[in-house]
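There are structures below to look over.
Both of the next two complexes hold subunit A, though its partner changes from subunit B to subunit C.
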Partner chain A sequence: MTIQEQYKTRVRELLSSGTVKMVIGYKAGTTADRRRPLFIRTPEEADQLLLDSACIANLSGYLIAEGLLSDEKRVGIFLKPDGIRTINILAAEAQLNIEQIIVLGFDITGQEVTALQGETAGDFSALIESIKEGAPEALKNPLIDQLEQLNPKERFAYWQAEFSRCIKCYACRQACPMCYCRRCIVDCNQPQWVNTSSHTLGNFEWNIVRAFHLSGRCVGCGNCDRACPVNIPLRLINARMAQEVLGSFDHLAGMSDTQEPVLASFKKDDSETFIL
Partner chain B sequence: MTRILLSDKLDNCVARWRKAGLTVIGPVKKETFSSYAVVEKAAEFDLGLVLPDRSIKGLFFPQTEPMLEYTIKKQAIDTKDFAPPSDKRIIFGARPCDASGLAIDDPLFGWDYKDEYWFQRRNETVIVSIACTRADDFCMCTSLKLAPDSTKGSDVLLRPLQNNKGWLVQELTDRGREAFSQIADLLQEGSEPAAPTVVVAEKFNLDACVAWLQNPANFDSSFWKEISMRCIGCASCTFLCPTCHCFDFQDEGDTYSGIRRKNWDSCSFALFTMHTSGHNPRATQSARWRQRIMHKFNYFPGKFSVNSCSGCGRCSRQCPVDMGITETLQAISTLKP
Partner chain C sequence: MRTEYPVPLAPFGQQLHTYKDCTMAKIGVFICHCGENIGAKVDCTKLAAAMGEHPGVAVAVDYKYFCSDPGQESVKKAIRENNLTGVVIAACSPRMHEATFRKACAEAGLNPYMCEIANIREQCSWVHTDPEMATEKAADITRSMVEKVKRNNKLKSIEVPVTRRALVIGGGIAGIQAALDIANAGQEVVLVEREPTLGGHMAQLSETFPTLDCSQCIMTPRMVEAAQHPKIRLLTYAEVVGVDGYIGNFHVKVKMKARYVDTESCTGCGDCITKCPNKKNSSEFDCGLGKRTAIYTPFAQSVPNKPIIDKANCTYFKNGKCKVCQKVCELNSINFEMQDEFIDLEVGAIVVATGFQVQDNSVYGEYGYGKYKDVINGLQFERLASASGPTFGKILRPSDGKEPETVVFIQCAGSRDPSKGVRYCSKICCMYTAKHAMLYAHKVHGGKSNIFYMDIRAAGKGYDEFTRRAIEDDEASYLRGRVSKVWEENGKLMVRGVDTLLGKPVVIAADMVVLATAMVPQPDAKDFAKVVGIGYDEYGFFNEAHLKLRPVESSTAGIFLAGACQSPKDIPDSVAQASASASKVLALFSKEKLEREPVVATNNETTCAGCWGCVLACPYNAIEKKDILDRSGKVIKRVASVNPGLCQGCGTCVSFCRSNSLDLAGFTEQQIFAEVMGL
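== the complex of A and B ==
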């Protein structure tokens, strides 16, 4: 039986036994290479489920849709390791009760999809913690290295050109499971803290504010990068910040559901004499 | 006999138009992203694109535009209006869906207040469209009763020759004739056949959809919640759309001096309809998606007798969660009115 069929069976069982009220997965999209999010509420709907190497979107943002988990019923969701790390962070930041989430874990290597054994986020802890060891290597990106070689003025020019395409559609924010604020800083208009215009200054303000808010929280799932309709390489910014946080604080986001948020916690023996 | 523009004369045309003081614009692909951009040479054009990632809209209705500047002094308040800058332009290689989008928005920008920014740019811009010989899975102009060789909104329509060496010229407006009179000697008479335009299959029955949308009982249909469940509420669809035209005014600066700007806004955003009281009449994403569809295919045609969609398909093509107008209208066409 293929992994897809195994998981279809599992989803039907979870729903027919009443273990979960819904499973969030993937189905076919408009074109052969596209996948759509799928919300499965009956065992029959599981027929539409698709699981293959094109299922790369991190679906965990749907878990914190208003009201979904407020009835305390369980929800199943297809997650890769980056998605499991995401729900760990959401739990650590008190955005969801991780006991309510049944994880249908999988991983993709090249074209191959493998099933991950476990049911709740905690069951994957050994796998998740092992990611940290390889993180310095995994976060490497030749383009980041190239940008590091530039002087600040040249680097500024690079990002100015990239951000010049930004149209402030906020697809990056909306696609990001970490951007869950009920009212984003750019939507606060009394006073207007951040320029909403998509001119040079406004585009810098937005993208830099977002980069800082994601430092130590981004798992690098790539949702923002893929969602950007003008193809700004947002992933580079977040990966670079993740490198910085790993190097400075030995912190990789999403290792467990009790991990302290690195930029929102302090220790008495911190070397700094101030709190930002 | 028809007049023909040969591809190898295009660079001369660009030079001629530039010399005549026109800014020449056309589809340009830079690395991973394409848009209508200013060019100096014909070689910069990428005329093989199905259509650029960004629509033509921003050239007439920019994403952000200064309206006025104010300075408050002890005894006086100075204000300075930003007149729309004069810039005579020619857009070469527009897609008919993009050109149609402009024509669709003309009545909107002129019905109560004549938006001088929009109309000055419209009047100063010659649009030379090229009929499509290629389409992708998202193109849907025929479903909107338009066509890959629609002339709507264009000043000149070019039809690619079958031998791929140029285009048949069809001048449509005085503006187009004037621009092409400047290159008259670069054109030639000919009778080569045009390449067939691409066949774009009809994806939904528009009349059936409109009938369903016009039935007030369907405003509260559970359909809206189902179809928009995966919508993440970004404005990618509205901002890439050649006809979405909503905007917001923003004052930037402080009490003593600042600038008032007109920025794109989107019905996808919760803030779009948020009242100062905190109440939001469109409190859910499904209500916002319903508004977008209703506006395009019910309210807008009710007022201006034309659908606010030219079938370019960008909403679906670039949606992060593979939603869009096509899927929604396909689903609606299967429902009972």
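== the complex of A and C ==
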């Protein structure tokens, strides 16, 4: 049986036994290489389920849609390791109750999809631990290294050019499961901290605020990067911040559902390299 | 676990999250010359003219000293005559006179929080040389404050109740004095000492400069008085492990370390001490010059006079066999199962009097401390000279018990030595070395004392006379210079130094060498400061709020300092500071309620995402989780809620909140934004 068929059977079981009220998975999208979210409520609806190497989107943002979990019933969801880390963060930030989530874990290497053993987020802690160990390598990116070689002026020019395309559509924000605030700072206009116009100042204000709000929280799922209609390489900023937080505070986002947010907590032995 | 905090009495109804209209503003700008301080660099008249042109400014005037009586009167008059809605005083730092001018505004009928200070002295005239540019900068600073004050809110002070009970930490002379002064004024005190007895260093001293009265004779009655005082609760062998809350309302956790002796039933008969077979433990009180048993009191006059078991050295705790003390104790007071206990205290004020330590002299390898038994430090000399000490007051060499015929004293062994010791002067060593030379002369007739010194610093009542007496009456020989090496030769300690007044190297064959060791902070001072929440300097001495004007207050409101924990001090200074702290505490307790600045955070519950980042980030535990219920009582949302009684207005939460839901009264987003845009 293919992994897709195995998981179809599993989804039908979960629904018919009443273990979950819904499973969030993937179905065919508008083009052959795109997938759409699928909300499966009955065993029959599981027929549409697809699970292949195109299922890359992080679906966890749907879990915190208004009211979905408020009846305290369980929901199943297809998650890659980055998705599992996401629900850990959402639980640590009190946005969902992790006990309500049944994880249908999978991973993609090249074209191949493999199943991950486990049912609740906690079952994957060993896997996440190994991700942390590999993180210094995994976060490396030749382009980041190249940018690091530039002097601040040149780097500024690089980002100025990239950001100049930003149309402030906030698709990056909408796509990110961590951007769950009901009112985002950019929506404040008394005072207007973040300039809405698409000029250098406004573009930097938005993208720097975004980088800070996601530092120590971004799991690198790439939702934002793919959502950006003008292809700004947001992943570079996120990965660079993740490197920084890992190096300075030994923090990788989403290790567990009780992890303290890195920017709101402190340890006595935190490095204080930023204090002059 | 969270403790319940008293809710502030005044209603907190500030509307921070709504837009503030400032088109009707009538601001008065008062530019102070501060004599020459500002006037010499900033063209105040020109500045006043420029400010007069700024939109919303009704009056802009300059004057020599606005803080003076006529100056304040002119501000009041301007407020009344022009119906001002806000005031900017362009002058010195707000730390200096914000309170002064807010009070003046209130007297003229303006809400005091409608007054702001533009600091054009410390941040402008004092740090710039070019008058033209300084004037320009002063205009920027002032304009930005005008824009801020337009958006200020009429805040109300917060009233909080005061718990009239003081905590004194440290039972040396300073702590005892503070506790007695407060208790004698009728207020309750809890006195916490971490050693098994009260007394601190003063209990170890022999006789004290400048009067040479016996330390124990003046100290022990004080200790007894403190222990028996009906208003003082004494907790010895206890440590403060947690402090939270704020002025008037501190919550303190104290660890009562297990003594293994029940102090209630024990009468202090001492049978256990006599019978304890484990007698060879080095006595801390005698600085290693004497021995004590494993169950012990530090000294015969200990308060309380109840023994403790030194767990690390007790035979039973080490080998599981012995319990001799338990067998001999007729009152069954010995309990090997005893555990540490924790006590929660509610207090309104704290006096920190944790004292000092003497520096470890082994850093001076060349002086042979730790290598030669007869090289000792000043505190050890005190024990030798003390009637209650290991030699019953006889000056005898630790190595062979012989009377030393020649003693060399080395002053500044650690003090004023940036390379190995500390940079500061320990203040007491000149005096106690003179005292030691005198005691030695009185006790060992014909004994010869040589003192190597850098300077004789003997400022104080009767102090210089005292050192002169050592030289003139007791024939102490003072040699101005440093010692470079001490070594042993034929049973003598050879001291090589230089006499800089004669310009000659000298070598003295001595029987004993006494190092006047530097006074240093307690080794755990920095960690302890973090527990209590006070600042410390580079060495670990606790910081006062203002070295000259507020020398006994720490920078945390409601926490005061006494004694050598703040800086090296002798007994008279320690006692004076302790009494000063006590009077500060009593002033605080003279009111039933305290007024607090209403600079506190508030949360916009509509936009709060309930992420609890702020709850964790708040250093004062001032943010709680609050349920928002629908009509049927069902929780529809959980949001953060700031307890204004606890909030210290630090703004940490405001900067953390991603949804921008938190705002700080007195420093609202609108105010700060306007301030920045005004530059």
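Just so it is clear, the second predicted complex is superposed on the first by the 267 of 276 C-alpha atoms of A that agree within 3 Å, B and C clash if a C-alpha of one lies under 4 Å from a C-alpha of the other, contacts with A are read in each partner's own complex, and residues count from 1 in each chain.
The rule is simple: contacts are C-beta pairs under 8 Å (C-beta built on N, C-alpha and C of every residue); 3 or more make two chains touch, one makes a residue touch a chain.
Here the structure is a predicted model, which means the values were calculated and not measured.
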Superposed partners subunit B and subunit C on subunit A - clash or fit: fit
More subunit A residues in contact [subunit B versus subunit C]: B
Subunit B versus subunit C as contact partner of A:D107, first or second or both or neither: neither
First, second, both or neither for A:C181, with subunit B first and subunit C second: second
Touched partner set for A:G202, first subunit B, second subunit C, both or neither: first
First (subunit B), second (subunit C), both or neither touched by A:T31: first
Partner chain(s) touched by A:E119 [first = subunit B, second = subunit C, both, neither]: neither
Which of subunit B and subunit C A:R226 touches, first, second, both or neither: first
Three-chain overlay, vertex subunit A: subunit B-subunit C angle, C-alpha, nearest 10 degrees: 120
Nearest-approach distance, in Å, of subunit C Cα atoms to those of subunit B in the combined model: 5
On subunit A, the residue positions that both subunit B and subunit C contact, one per complex: none
Subunit C partner contacts - residues on subunit A that touch it in the complex: 93-95, 180-185, 188, 190-191, 193, 213, 260-261, 263-265
Contact set on subunit B toward subunit A in their complex: 31-33, 53-54, 63-64, 137-138, 229-230, 232-236, 238-240, 248, 250, 252, 261, 263-264, 266, 269-271, 316, 318, 320-324, 326-327
List of subunit C residues in touch with subunit A within their complex: 19, 606-607, 609-614, 616-617, 638, 656, 658-661, 669-670, 673-674
For the subunit A and subunit B complex, residues of the former touching the latter: 29-31, 34-37, 39, 57, 61-62, 165, 167-171, 173-175, 187, 189, 192, 195-199, 202, 223, 226-227, 229-231
